[in-house]
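Consider the two complexes below, in which chain A is the common component and chain B and chain C are the respective partners.
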Partner chain A sequence: MAQTKRKKAGIGMLAALLLATTLAGCSKDNNKPSASGSASPNASASGNTSPAASEANKPDISKKVTLNWYLLGDAHKDTEKVVAEWNKMLEQDLNTTVKLNFTSWTDWQTKYNLLLTSGEKIDMIFASSWADYYKFAKKGAFMDLKDLLPTYAPETWNTVPKQDWDDVSVGESIFAVPSTFPEYTPDGIVYREDWRQQLNLPEITDLNSIEAYLDGVKKAKPKVIPINGKAWNEQFYLFLSNFDFKQIGGDSGLIVAKSYDTPRDIVAYPFTQEFEDWVKRMKTWAQKGFWSSNTLSDQQEAGDGIKTGNGAVYWRNPAGAGGFINDLKKSNPDIQLGYFPFTRFHNYATPNLSINNGMAIPKSAANPERSLMVLDKLRNDPKYFNLMTYGIAGLHYDDLGDGKHIVVPAKGQDPKVVTKYDIASWGWRYEPNMRSEEGGWDGLDKLNEEFKAESKPNIFAPVLMDYQEVKTQVTAVNQVFQQYGQPLMMGLVSDPEKALATYREKLKKAGIDELLAYVQKQTNAYLDEKGIQ
Partner chain B sequence: MRRLVAELVHNRVMFLMIAPTLIFFSVFAYLPMVGIYYAFTNFSFEGGLFGSEFIGWQNFRFLVESGSLWSLTKNTVLYNLAFILLGNLLQLVCAIFLAEIPGKLFKKTTQSVMFLPYFISFVLVGAFVFNLFNSENGVINTLLQQLGLPGYDFYMHTSPWKYIIVFFSIWKGLGYGTIIYLAAIMSIGDEYYEAAKIDGANIFQRIRSITIPMLVPTFVLLILLSLGGILKGQFDLFYQIIGNNGMLFESTDIIDTYVYRSLAVNFDIGMGTAAGLYQSFFGLALVLTVNYIIRKTREDYALF
Partner chain C sequence: MKTERSTQVFNVAGYLILTLISLLCLLPFLLIISGSFTAETEILADGFKLIPNDFTLLAYKAVFSEPGQILKAYQVTILITLCGTLVGLFLTSMTGYVLSRKDFLYRNQLSFFIYFTTLFSGGLIPWYILIVRYLDLKDSYLSLVLPALVGAWNIILMKNFIKSIPESIVESAKIDGAGDFTIYRKLILPLSTPGLATIGLFMALAYWNDWFSANLFITSGDKYPLQFLLYKILASAAVLKTNIAGNLSADMKPPAETLKMAAAVVVTGPIIFLYPFVQRFFVKGLTIGAIKG
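Up next is the complex of A and B:
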């Protein structure tokens, strides 16, 4: 009898345990801070005898916590060393360690989505307008930081300009800490300047000269595939920039504003005459062999082709181009590269929103307060900032002490062994702490001057859309785009005119008109609110 | 209630033995089924599973309205039929060969070589395929050029991909399936074969009249088990080989890849669950039907 009782108790416990573990997975987070932010966590700090007011407000860090952070992209081969160093500092200053995770660039969008929906406890994650920050914020994936910031990240709270906080605000709430680094990141291409000169090809100034360059290279060097790898981005952004088609609210797929000056004139680009001309032109490009016929299956970046001497063009923004050119200077000093920003098609540039890069705290976070404290340190303390952004001093870089430049790698290190420490650190950028590379590509500064001189306000990026009411159409349209649109634009179909007709018909069926109406309505509402005609 | 307790006490060892299985299935198969409810909600981060708005069948609309549900289902079913039938047949044949071959060393080597692809990840298979078939420096096209023949642009045509995919699927599963059949052959008693030999039956007669009939139950069982997943494509296989190359979707798109692409742009738990639910229901209905047919014709072979 006693035995039975015990067993029953055992079964009961087991069941309870099972239930508890499963429910824990579903339960809402209990650690979510109360709305007043400064409530319980610093209750114990109230007894602090320190005279300074800020000291009295100092949050309680007596409990040691480990935070879970996520960045986009890949780790550097020395990231482990750098993070170990960082954790030593964090443990001393904030009684915290951080586990730093990366999504890798392969399928990062899917992984990012999964991270936010799976309920994994994440204390901080990279966020950005180009990673659907507004959509996720509107759907409630991130935690509102408005009340936490003044207490747990006071320095950041004071140094980020008001305009930038406005950028990340959704309604009354702030869901991310934007980076503070005014920047222009238009599309553009890196190309082989040495080949252009050697083959006597025209300077690149417009679409025709790009075509002439590609053609000249292909004819003189039949073994070279000018855009060697997946050529989609090279082709697609050239298309948008050439016609000044502007995407709205981040990535709006096939729906674009027809030009900067007519923001209310919104169309689905596959139905324009420009598109028809473009796909015919791209057919000739594909036939001339500017990219390979398997480009849609190729996993290689066009930049890798340049490195091996088999490619001639690579799509990059100016900062990315700078990094690429600097890297190549070290690994292949015989290659001379040039850069052509697509802003020159229409001679204006728009600055990024501050939330082009930033850090956010998902709803699932276990320790949002501590996470903000770490971020505050990371942004504002140069010791932290340099370590996590440029790597270990004396190994990855040497500080020149002028507050502007660093040398990469440090003196006495072999550049072939110690590569530039380069992770997706964009989220905590803070301009006063930023350093540029001594002896690096000087084109970037010149380009930034050029952009500043022709700058126009960014009126398209902040349009808030979550596509909830048209999600079926978005899905269907995107399927059609991948199946019919991509091959058509890459010039891989045998008869562009017929393929275009099919494409348009399928798009209509998939509900492109409803999608268009939705974007039009949202954009109008935004423009009305801002008083833009 | 008393009887249940008495039963539990009486057969406690038995119940203890079955407990791990019961727990495993309740935790990993039955509890997650609650999530089916996602298929009928408009998911929001604040509401979670039960707090989100109930929207009925709306999440299923994207499958039906895109107009591709039929062709996707057809592709998935046909591919799986090819995998299951061809695969099982080839495995059966290989197992019989291996069982009859006398040399031990040769037998072991062949078995290992056949088993190896099973351990290769589909990511690598995808890389193999690209390096075999691409038009610039793919193995096949280089070979054709060396022989002075015109190249063939695999990535511009949809027709060869059916065969390529079926080939790689079978290639990968062959060793594993062969071992299952080999085990079944090994369990056939020697006395049958000896009796047959004494009666003067040659090797082909022995295979036809002893081995094959004895293997039919295993064959039917394996087919039945795989039918349940007939609407679940092998996502890795298709995604790694075809990827996002829209050129080839016409003949290579299956439900899994379609759903993956749908939700990669427009991440929506509700729609994802809806697609999964459709696949599971179709699979269940299929297993029940086939099992019913088998039970009517040859009762011994039926699953349940």
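Up next is the complex of A and C:
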């Protein structure tokens, strides 16, 4: 009896506690909207005054403005501090403050889409070809900056190369400010260099030497699976690069141009002789155990295999390889890694489009002029650039003063507490202001030199395709590709010749020919427009 | 009292099967917990194990390197769940009561109007525009509470439940001079506790598990609810596996497998301990409802 009473009292107390917390919570909750409500009239009021400002030669900044900016990804844990610092400077120089928002990576495409289609008041947003810049630009989601740039971002207008402005032009309009950072992200592989030397295997220079390397590793270390994890990327990009098949418009699936020099010669690669030879070769690779038989469903990254000493090869672009190699230097200093970029198959590299990263102003912006002025400062003034890109000097980094390198974190800071300041700052990259980290993998700089020397313009990425007319074919072809194409290319079928015949037949049925015709048409239209033969 | 042999056999078999099934249900949790205590390299090398060779607390140290964030997220989630559920229950039960009263002339039309919204919805973009542009709730706790506050389905449930309370009770109270709100508060609410418990459970679970509205509307980190925080950790790992990763800076690293497990334990753990206590409450409420019909 006494016990039940006590229990009841316990429940009663809990209920009281819950009620108390609820009430406290509700009252806290009520304060919030009023705070945000008072901020908004401010922004809209200032929007009315700005058109008048555009008349004057020297932009009028007498009105204090709060801008709303959006970046992709997540904030750093010190972002608040950094932005507060930035706002202090902005307030002084431009009478402006910026509220910096992040989309976070959760479902970011949906969110990005909503931000641009809902007409939310946003003054600047990250834009990129891989975040559908061209699609949104064509739909009219961004503001045309052509007339604003010379007045409000004069330095940027003059320092961005003409070619880069061309990249972001859609028709006669410019919808974004591209980053100025010629970047090469060709495919390539990271491999265990120490094993190569130890086993006396040939230097990696071409497909045969890669095969010899994988074979040598597998024979000498039977327990090692050379590509330990999902080996699809390693294999697929090797295939494309080896034959110089170029994907069009970013990722065109099975349709490729046959080589860089013949951009109009477009084929579906499964129907080529090269593909036939390739799948036969891959069959032998799979048989030799270069990857496991469940490789297509494996969710492990091949890089993890290297970390544990059970793998030898990992597909990365040069920057990614740099990060991976730096990482491993710290965690497994006994492992020596090498890098082989696939550009060496045909000895040329194409830079990314300038709009691979950039900043754009949505149509709904309240203060586009001020936003451009902020961006101009951010890109070109090293004080601004360093703060927002590398964090607070003396805390997140130390400038070495050679104009090239920084130390992360600053001297006397505990690297466990102060982590490298890293947000999605790619949109305002400007090469002369960029610094690399002291003590990083030096191979990256050398590779970039190599790429620059053999650079050819990127003519395939800007081809804009939305696949609207051939939607059903795309879905059907993708399905066939996953069901028949992937196992075939990974050498996981018993009879490659038979499987190839089935694959080709299924592709025909799925409508690969219509898809090919569509890509051909779009590519021709683009090449005609740009005057490329 | 002696039970028959067949009953005994049945009981033994039943217990055995149920034990097996519950063990199967427990296994994934065990894997998460043991995974969170395993060294990262061990997971990479041999995969997950029930009993780790190498016991380590590193993942938890990483999770609690910023304990403020998780505590804050807990606070937000609890606040939203409590506020949302209590206010929601109040509104839902009131609507249900009004719709169940026979002397409300347009009750059928209004019921249909509410029911109608379950058949059609404006979709994501109009919803987003409404909340962000017209209600101006971006980055406000209200954007997490308001959308799920009153659900058509819950109102219909509540209305049907209140219908089962005899009309004469209301009438007798009226004769005694009670006003409509007093009747609702003093008679209807206490009599419909089983219904309130059921709907309250639905709502509380919905609020607790909701990460999507936070994903859309919350932009400042200190307002993230718990589920979204967890989801965010996993999502940034997923992004690194797509080809966007090539464009990202090389320093962005996926969270380690063990960290994911530890985060899951930290986020779900306390609720699991709380559940048996709260559950008893609900089961009691539900069975009372069942007996009374």
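In this section, the second predicted complex is superposed on the first by the 287 of 533 C-alpha atoms of A that agree within 3 Å, B and C clash if a C-alpha of one lies under 4 Å from a C-alpha of the other, contacts with A are read in each partner's own complex, and residues count from 1 in each chain.
By definition in this document, a residue touches a chain if its C-beta (ideal position, glycine included) is under 8 Å from a C-beta of that chain, and two chains touch if they have at least 3 such contacts.
Note that the structure is a prediction, hence the values are computed from the model and not measured.
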{"item": "Which superposed partner A:426 touches (first chain B, second chain C, both, neither)", "value": "second"}
{"item": "Touched partner set for A:225, first chain B, second chain C, both or neither", "value": "first"}
{"item": "Partner chain in contact with A:117 - chain B first, chain C second, else both or neither", "value": "both"}
{"item": "Which superposed partner A:479 touches (first chain B, second chain C, both, neither)", "value": "first"}
{"item": "First, second, both or neither for A:495, with chain B first and chain C second", "value": "neither"}
{"item": "Partner chain(s) touched by A:75 [first = chain B, second = chain C, both, neither]", "value": "second"}
{"item": "First (chain B), second (chain C), both or neither touched by A:471", "value": "first"}
{"item": "Touching partner for A:298 - first (chain B), second (chain C), both, neither", "value": "first"}
{"item": "Common ground on chain A, meaning residues reached by chain C in one complex and by chain B in the other", "value": "18, 22, 26, 28, 107, 110, 114, 117"}
{"item": "Contact footprint of chain B on chain A as seen in their complex", "value": "4, 7, 18, 22, 26, 28, 107, 109-110, 113-114, 116-117, 139-141, 225, 253, 292-294, 296-299, 363, 467-468, 471-472, 474-476, 478-479, 482-487, 492, 509-511"}
{"item": "Interface residues, chain C side, partner chain A - complex", "value": "41, 44-45, 66, 78-79, 82-83, 86-87, 124-125, 128-129, 132-133, 136-142, 145, 211-212, 215-216, 219, 221, 228, 231-232, 235-236, 238-239, 241, 243-253, 281"}
{"item": "Chain A residues touching chain C - in the complex, by the definition given at the top", "value": "11, 18, 21-22, 25-26, 28-29, 32-33, 36-37, 40, 73-75, 77, 101-102, 104-108, 110-111, 114, 117-120, 128, 130, 185, 251, 300-301, 304-305, 307-308, 310, 317, 319-320, 322-324, 326-327, 352, 356-357, 420, 422, 426"}
{"item": "Residues of chain B touching chain A in the complex", "value": "5, 9, 12, 23, 26-27, 31, 42-46, 48-49, 58, 61-62, 65-68, 130, 133-136, 153-156, 242-250, 253, 258, 260-269, 271"}
